[in-house]
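The structure appears right after this line, and notes come after that.
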Amino acid sequence: MNFEGTYVAMVTPFTEDLKIDEEGFRSNINYLIDNGVSGLVGAGTTGESATMDHDEHRRVIEILVDEVDGRVQTVAGTGSNATSEALDLTQFACDAGADAALVITPYYNKPQQHALVKHFETISDNVDIPIIAYNVPSRTGINIDVDTVVELAKLDNVEAIKEASGSVDKVSDIYRALSLEGLEDEFNILSGEDSLTLPIMAVGGTGVISASANIDVKRMVLMVDSILNDDYERALELHYEMLDFIRACFVESNPVPVKTGMNLMGLPSGPLRQPLAPLKEESLEILKKALKDSNFI
Amino acid sequence: MNFEGTYVAMVTPFTEDLKIDEEGFRSNINYLIDNGVSGLVGAGTTGESATMDHDEHRRVIEILVDEVDGRVQTVAGTGSNATSEALDLTQFACDAGADAALVITPYYNKPQQHALVKHFETISDNVDIPIIAYNVPSRTGINIDVDTVVELAKLDNVEAIKEASGSVDKVSDIYRALSLEGLEDEFNILSGEDSLTLPIMAVGGTGVISASANIDVKRMVLMVDSILNDDYERALELHYEMLDFIRACFVESNPVPVKTGMNLMGLPSGPLRQPLAPLKEESLEILKKALKDSNFI
Amino acid sequence: MNFEGTYVAMVTPFTEDLKIDEEGFRSNINYLIDNGVSGLVGAGTTGESATMDHDEHRRVIEILVDEVDGRVQTVAGTGSNATSEALDLTQFACDAGADAALVITPYYNKPQQHALVKHFETISDNVDIPIIAYNVPSRTGINIDVDTVVELAKLDNVEAIKEASGSVDKVSDIYRALSLEGLEDEFNILSGEDSLTLPIMAVGGTGVISASANIDVKRMVLMVDSILNDDYERALELHYEMLDFIRACFVESNPVPVKTGMNLMGLPSGPLRQPLAPLKEESLEILKKALKDSNFI
Amino acid sequence: MNFEGTYVAMVTPFTEDLKIDEEGFRSNINYLIDNGVSGLVGAGTTGESATMDHDEHRRVIEILVDEVDGRVQTVAGTGSNATSEALDLTQFACDAGADAALVITPYYNKPQQHALVKHFETISDNVDIPIIAYNVPSRTGINIDVDTVVELAKLDNVEAIKEASGSVDKVSDIYRALSLEGLEDEFNILSGEDSLTLPIMAVGGTGVISASANIDVKRMVLMVDSILNDDYERALELHYEMLDFIRACFVESNPVPVKTGMNLMGLPSGPLRQPLAPLKEESLEILKKALKDSNFI
């Protein structure tokens, strides 16, 4: 499966009593599809997977598949720091009809590099669904080495990486290592950081899995499409039009600012689950200014 | 409750089919008590909490309390990156009769500093058991700020911190900030890194929660007791007698080397659960050499 | 003055008795001009400025200006960690007829951000030559903040920055901050890291000051020109054709590999001055392989 | 030569027209000797060596030796990032009668580890004076590896290291590696960070080279002597009595706060040379508060 374009790491809207707001989630799905995304990610980090129980986690995937109904790619967040749990969730996503699974590396228990290969191999060997590996060292405490990425790329079902290490140099090294194995066309690199989407795509990335695009979907789609059409001049303009807003979306831990912004705009979002807490006053002011400057409020 | 001396972050021994080896766990408990520990931690990071389901997690706590039977302090690992889950586990630990709970900061979802205070407050307000907060940024992606530690210290039930940020300077800043509030005697700082136990205690720490002491318990108890008795000369000797072995215990991610070493020594330990994988050959050689040099095998 | 295209941070060739090899230096200048560079930097970091005395430093600048003779831009490395010395050297460069001066931030004594502004102001106010500020935290121990870059851009003679912090995100932030002041067209951002040239130019950089281009000048010029002509497809090809070679050029501290490679190719280069030492054997093998793979030897 | 106790990295007082204030320097020397220091360092980092010319640098060393007149150890800062210059300065210090030389690793040009050994070897082989190697990665961009320290310790004249990497763990590894070669008693480890003096001495360090002791010499001497007398209880008290003041001494880059504080107290100090600039207002307030709290003003 080819992963190209703008994917949105969707927030999970909650009702005031912290239940999943199914209607709101469906509404957001349609809003994002209407604005041209290539795919939607449910139950990922931005979707507060950490604080959903298994039933909720599965329910979010089911709603995603149901509401999208084939219009764009559906990607289910199914990672865990227990291999058995990640496998269970990925199998569920496959059975539920998701197009792909986003599998973050185990966090907190710090598997070794050779253990990472085994972890993804165990999942890959037991599912029939494309897998996007997700590398985000600032959250997980581990970094997938370049050589390890190549090992993952050779597994049957691991077909892309969401790279959020912050290093464009590492993306270059991954792409180069893949090309030495002739894998650079069949294994996609997606930006996992909104502000690095342009430079990462300039060195061979094929798209982004974006959190800020829960709100700023139009411009992100435009920018990514400009790059895919080799119009880097227009892409640069859009990159800088978005930048202040992107920075505001990460003024505190994601998805706190994005959910807060959606609430301010009237998009379904609702409260955060603990341990995440509302923005500090000064962060809220920064967010509001950015929303206003981009005419979102 | 006062936390002072040597605590062991116990491994969870598994049988060959990866079930909890209850008999082995009880045997390890007695071995460690016989060697003079102040307390035992079950179901923590070293105990592979990440790959235990809730029933297993609770069972480990029950066995710990039952087998220790009041001889030393029992500390239950009860942290989670979902506040509700951490609260549930801590309440369970309280009901099960544990003396204290070790609550790691949420990992991976990166709550803000003010959210950390709320997280621990929610737990503290709803349990009746002393809590040791656990700070280990290399695993969790967040660092408890010095000011935040002071806020935690003011909560009813948070009574200590296990500090594993790697910075002795930070321990000094914490102790100093606590003392400005008159809290330095009632709130304990425990080293979360074996090799920093001596310097951390030199600036006011009262003990260690140790992984390497699953094996090297005698020397760790001796060293910590030497420090508590102000015999820094003897402590320095023991610090350096242990150091190569401690380094070998972390040649790959904990608890992989420690469990491997226990197996080599004939102590109950057994295999690791995925995603953790066995040591690479070169790491195994380093571990074996260290075990031999210290006469463990 | 506009800084655009490929600039080479030239090595200073030495004779066997460690004198400046003037003839060799002139030969290298002509070789690089013949291959299409926009400008040449003499007496910079790659030119081992740290181990040249003042007379030698000045002599290198004189030769550069003389030999180039207006064919391309001449840039004199004139930075120091003493403001007075940096000023003296920059004035000398101006008098000698250099087109611009490359002024690294003070290293080792770590001036504060407001002190950096004063440092560059003192130089800017007392010379009549365009200045390129050079930011390379891994060498200097300090990072020019985004806000500070904007302050520098407002000074009369500071007209560009060579950015070598490794962060493309920071380049975006600089460009964005400059554009808020309407300065993005008159103040250039040059890549200070060869492997980041493509992504940095994708977000608004106008060229590179390259060390590896002492050798691989043809491909670097081609790539940079491709980007300037908006041919990102061709640029990506060249980026990856060069990448292994670039990595080999930094297998040990620059300029050790580059000078070693030039010696292997028969280009004037000669020995290094202490404290730099020849490559380790394993590094030499990596370099040789990269040179062969690119048909340089 | 044995290095033990409190050494002060002395500021160089300047007159209002930025000449060396010889009288003030002599006055400071006597003040520090009267307060019990083991030795005094002139023309080091804190002494603004970066902005002294060679004549001034030599003059400071001469005054130091002359005024001390054998009462305590004299240590001349003689490092450079050019080996030849470091050698010249060290030979001068030897000829001038200094007891030892403090030789920082080369900064900014980043010699490799094997080059570091050669650098110190070149100096060691050509002087007849004990050398203290100085490791401060945050300023120099390089870190002396543990194995390299052992190589340095085997050189004839390198007899100590001033460790300012911030890692107490590294100090342990150095001490352990030295002890495996039987060198731990003849090669001293001195703390290069005031706030880590206690923990570093707890793992085998023998003293400190302190910047804050330009002002707070009494307490630093008391603390270090307490440790040397194995009175860790008293040392801990003094550590925390000093801590806020130490933090204030590094609120901006050293020696800016220390020189500013000395001026406020009426000790000879004077202005800073560029590129260092006066404290920002908010930093000045922090410093003043710390000075008042410790009754220095």
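Labels for the chains are A, B, C and D, by order of writing; each one numbers its residues from 1.
FYI, a residue touches a chain if its C-beta (ideal position, glycine included) is under 8 Å from a C-beta of that chain, and two chains touch if they have at least 3 such contacts.
By chain, with names taken from UniProt: A, B, C, D = 4-hydroxy-tetrahydrodipicolinate synthase.
The structure displayed is predicted, hence computed values, not measured ones.
A.B. asks: Which neighbours do subunit C and subunit D have in common?
C.D. replies: Joint contacts: the list comes back empty.
A.B. asks: Subunit A-subunit B contact: same residues or different, taking over half shared as same?
C.D. replies: Counting shared over all numbers used gives more than one half: same.
A.B. asks: If I average the CA coordinates per chain, which chain comes out farthest from subunit B?
C.D. replies: Ranked by distance of C-alpha centres from subunit B, the top chain is C.
A.B. asks: I'd like to verify one number: the distance from the centre of subunit A to the centre of subunit C, where each centre is the average of its C-alpha atoms, in whole angstrom.
C.D. replies: About 37 Å separates the centre of subunit A from that of subunit C.
A.B. asks: Distance between subunit A and subunit B based on Cα centroids, please, to the nearest Å.
C.D. replies: Using C-alpha averages as centres, the distance is 33 Å.
A.B. asks: Report the inter-chain centroid distance for subunit B and subunit C in whole angstrom, where each centroid is the mean of the CA atoms.
C.D. replies: 50
A.B. asks: What is the shape of the graph in which nodes denote protein chains and edges denote touching chain pairs (line, ring, star, complete, other)?
C.D. replies: The chain contacts form a single closed ring, each chain touching exactly two others.
A.B. asks: Any idea which subunit D residues touch subunit B in the complex?
C.D. replies: 166-169, 172-173, 175-176, 179, 193, 195-196, 198-200, 202-204, 230, 232-233, 235-236, 239-240, 243-244, 247
A.B. asks: Mind listing the subunit A positions that touch subunit B in their complex?
C.D. replies: Residues 45, 48, 50-51, 81-84, 106-112, 114-116, 118-119, 122, 138-141, 252-253, 256, 273-277, 280.
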